[in-house]
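Heads up, the next two complexes both have chain A, just with different partners, chain B and then chain C.
So, the complex of A and B:
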């Protein structure tokens, strides 16, 4: 990289101007792939050094505002327009057809220009530039109007309709169907695509605006490395070079200029350190019934003969299945007849007939307990995250109170704000560490992870406690120092935890008890069973 | 303006239809510009539809022909619903031509009738679409609001 830049700056000035546009673009895309090798980035360019030192779990990304997105499209169109010598409107259609892959478009066009034009909906041309015309003897095939002087329009395919019908048609496509990039000629079977210039000639200003908005939308949606910020009312897009196949190695958290933190891989809110696939599985597990099934196996037994599911809600251990009238012992699941007279005192624990059922039940119970352990902690932090807004407002109020109580200035109470922010980000991270840990196999790495998790958890709890203290105590300068220390400690512990997990993820060192690479989700948990919930007669 | 638009086109279509229609297609009722009835017959010897006449109901919106008309088979005393893997037993037709994506404003009542004739002519399967019973029992939507999935171009 460095040598490339040096080379560029060494080139004579006339050439520099010509190359400027192109090289900017190249740098942009090369940058995106630098995420897994942070070292060479140091001192690589002016912009990079201004930024804080890059951490291993940070992702390189760029935020684009609407005007940037439009500018990018225009630049690409200009560039291809110069190389291929086609009308700009046609270049735009071609680029959209090739999903903005400029290189492939140019290559394919050089090989087979006719086929490329045909496929993109720019078939053979029969007339000149777009204009409205009144043609004598013309009858519109849509409205059957044929009065003299009727204004009509045809694209290069030559299919001519009156201006009224064209307007109706385009309004329908843009307004009702939300179509823009692929509006075809109204003629049945004609694949000719409506270009921006012809459209601007035909429709009203509000429709034009909507059309261009839709076009921009398809630009972002067509490019894999671009995504819209999912925050409500946010109009920015984010560019990030992380590929889908890398998502088992990296958690690409990005921050929009609107402050929204989200994962570029799955658009969900920031879920570091857990990788996307794990998050997907975890959320599904929390939402679906797989743990209900575990509850059933932990709290019910099946009749050893007919397998009806039974929940015992009282009574003695002598069970008689309502369905098949099988008599058995609830304790050992063995035949009741083998119990002889030792009622209520099952001493047959070691007998084989019941041991299998007991094993299965114990397993379910452990599995359920394990899940609930992680889920409760996850849900706890999620709950706190939901109160984010409250906390923020509370903090502001507290800061004002503190200013009047202690005579501190606005800038002197800002430490409360940073403490509140640290609490929120750390809670968000902690929340996902529990989903992450749920899927980890037991080994040394996991133990280290849990130690890190414990450290962060304890620090966050301590900070939270201090933060909640009444204003009178907060005015004490000793507590202020403590809070500031704890805040920076929390932030540091979070960075350590995230760096550690991200490094191990990148190296593939984690041992998961699920496959986090496969995008196909399998159904977990046992299949549904018919339940009969009757207590048995005994 | 919008109503004018559809009416003008439909009145032109009507005068053309009153003049001449292709074989196997007959106009039954066209008293206004909202709903028309037509009868169609299959002209070849396809045993599935031999000696049968089917009734079609066309419903036009004010934005016809920019929007496709709603076309269904209508069950009457001597007019059954034709057996076809893309025609539900309540008369709803799954045909891309009648959806927004496949529709072209150049199409008209006559061309739709001819397309349906050929759709029947080409069919050899004496069956209803998959899930017909359930669809017919549960569907309360109008055909234009149903998201058909056009997957099968063979029939």
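So, the complex of A and C:
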């Protein structure tokens, strides 16, 4: 299945067009979200999509289901099996050894077949297909049992063990150690790799299933352009060609068929428009600073002389800095000596030393306040998105009741679903615009960005307000039309904002006050300076 | 399937024809899982002349899981912690290297070998490893002194 059709697909655009009966949607951008909730069956197939124009912030990707992933492996194995005269199960082992690089495998094998086989754990073999046998006089070297008729097994390396020991060994490897692709023969020093056919002969069906699951896992993990969808219980994988070094130019958001939207670069939930490295720095900063910073901002001031942070925990305004012994007034921050005899009571706002100290302090507070400005807005959208979702879930229940009462159909109430989705997606975007803006250095493009941010934010807040109205009002057709219009407008504003930021990012037109290249792709430098608590901008 | 047969067989082998410089006894005659080992410090090593006590514990899942072995006698060696645990780092006992067909006999041989040739890159006692790498005469002297002191 191809992403160009499916990503942010026309799934909802058609629905929107139908549902929004003629609301203006000329650039078709209202489709920019998918349904999170179970798909309503609207009687037409998702596949009936209008060919969409690819937006500049869209990433090309493909979603693979478990059977596709299995199929890919099988196809590769078949291909190599046709070229090289080897058993399929051995080809599989070879391909895993070469991390599924077919060309290199064939090339190397043509040059030095013996060495390649040995390195991959397919060393010298005895003839005949492996099978379970009872060999007279056999004693198992693991358990030392030697009763007559003891069933035993040996791989092509010829090291023979009883079936119980073999099973125990394999169960331990697969179940306890999660090993599959590199299970070796139980013989001390033998590097022969267990092949799928032999394994199927030996273990129970549930272990076989687990074994194949683990093999598939190594297939996905071995390929750089494949990643698992991180949603809980999702079994799909995504293929995307974006490389690590590209991550300072694009934000590769992908959408799994389970509807989970995440970044292919860092696997975190969708964080457009902010690039991965910026997100990483921001999250770390928030984890380190936000709570502390809030408290510090509310409860402390800095010593006017040495800038130590001081908490006033009661008592009079006569402060003596513990560190530098500077004496000053908590109220005006001026020298205490200038207060003369008017102790415990500051009425001296005019003093020069006081106003200078307040200036210096104001400057050092600016960085903290700047951070808090962005952080609070970031956190607010995160929180509001949760609340919007709660409201929707409550509303959805009521709408079901209302449906039966008012005779509205399921389709007729879907506009609320669309609105809820728009709120979620737009807030997710808005949230990250604040982290983005925090690290953005001012240039001639920032104003445009802030305007876009403001437009989207206003639209989202307006929609959010309508959305909170009681169910009885929601049933009103006038409000319904308004909500649908606003939903479409929000989605449109989001597309505009994302397109603008993505274009500038791709062209390298943004100035950031941090390095947003991924650490592995940029020149090795000294590790980040261990910044002291202040200034908070790092 | 029980490991009794396998353990009994290995025990008989090691008791009847013990490797040179090694004596084996059971900690408790009724339990074949805990072995006392007395190992002579190999000739040509700074441990020569010492008698080292080791404890070998076979897990219930033996031989599918590797045995555990510790020095009860203090020893100055890069791959053995210089404390009351005497934990050792040796390749054959690592879970990823152990195979069900690996034998205690080879574990004992590997341990003797480790006394002759420490592997400083796999060190668990870093100060001993540093000394071994940077000042061999001092290392040999220290190891010999501790052997005299503890490994009687």
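Definition applied: the second predicted complex is superposed on the first by the 356 of 538 C-alpha atoms of A that agree within 3 Å, B and C clash if a C-alpha of one lies under 4 Å from a C-alpha of the other, contacts with A are read in each partner's own complex, and residues count from 1 in each chain.
Methods note: a residue touches a chain if its C-beta (ideal position, glycine included) is under 8 Å from a C-beta of that chain, and two chains touch if they have at least 3 such contacts.
Quick caveat: nothing in here was measured; it's all calculated off a predicted structure.
> Look at where chain B and chain C land on chain A after superposing the complexes, then choose clash or fit.
Clash: chain B and chain C overlap once superposed on chain A.
> Would you check which partner chain A:142 touches, where first means chain B only, second means chain C only, and both and neither mean what they say?
both
> What is the contact status of A:450 with respect to chain B (first) and chain C (second): first, second, both, or neither?
It touches nothing on chain B or chain C.
> Is A:412 touching the first partner chain B, the second partner chain C, both, or neither of them?
In the superposition, A:412 touches no partner, neither chain B nor chain C.
> Looking at the overlay, does A:186 come into contact with chain B only (first), chain C only (second), both, or neither?
Touch partners of A:186: chain B and chain C.
> Can A:164 be said to touch chain B (first), chain C (second), both, or neither?
Once the two structures are laid over each other on A, A:164 reaches both partners.
> If you lay the two complexes on top of each other, which residues of chain A touch chain B in one and chain C in the other?
Correct list for chain A: 141-145, 161, 164-165, 168-169, 172, 177, 186-189.
> In the complex formed with chain A, which residues of chain B make contact?
Within the complex, chain B touches chain A at residues 5, 8-9, 12-13, 63, 65-67, 100, 104-107.
> In the complex formed with chain A, which residues of chain C make contact?
Spelled out, the residues of chain C in touch with chain A are 1-3, 5-6, 9, 61, 63-65, 95, 99-103, 106.
> Along chain A, where are the residues that touch chain B in the complex?
Per the touch definition, chain A meets chain B at residues 141-145, 161, 164-165, 168-169, 172, 176-177, 186-189.
> Please give the residue numbers of chain A that touch chain C in the complex, ascending.
Going by the criterion above, the answer is residues 141-145, 159, 161, 164-165, 168-169, 172, 177, 184-190.
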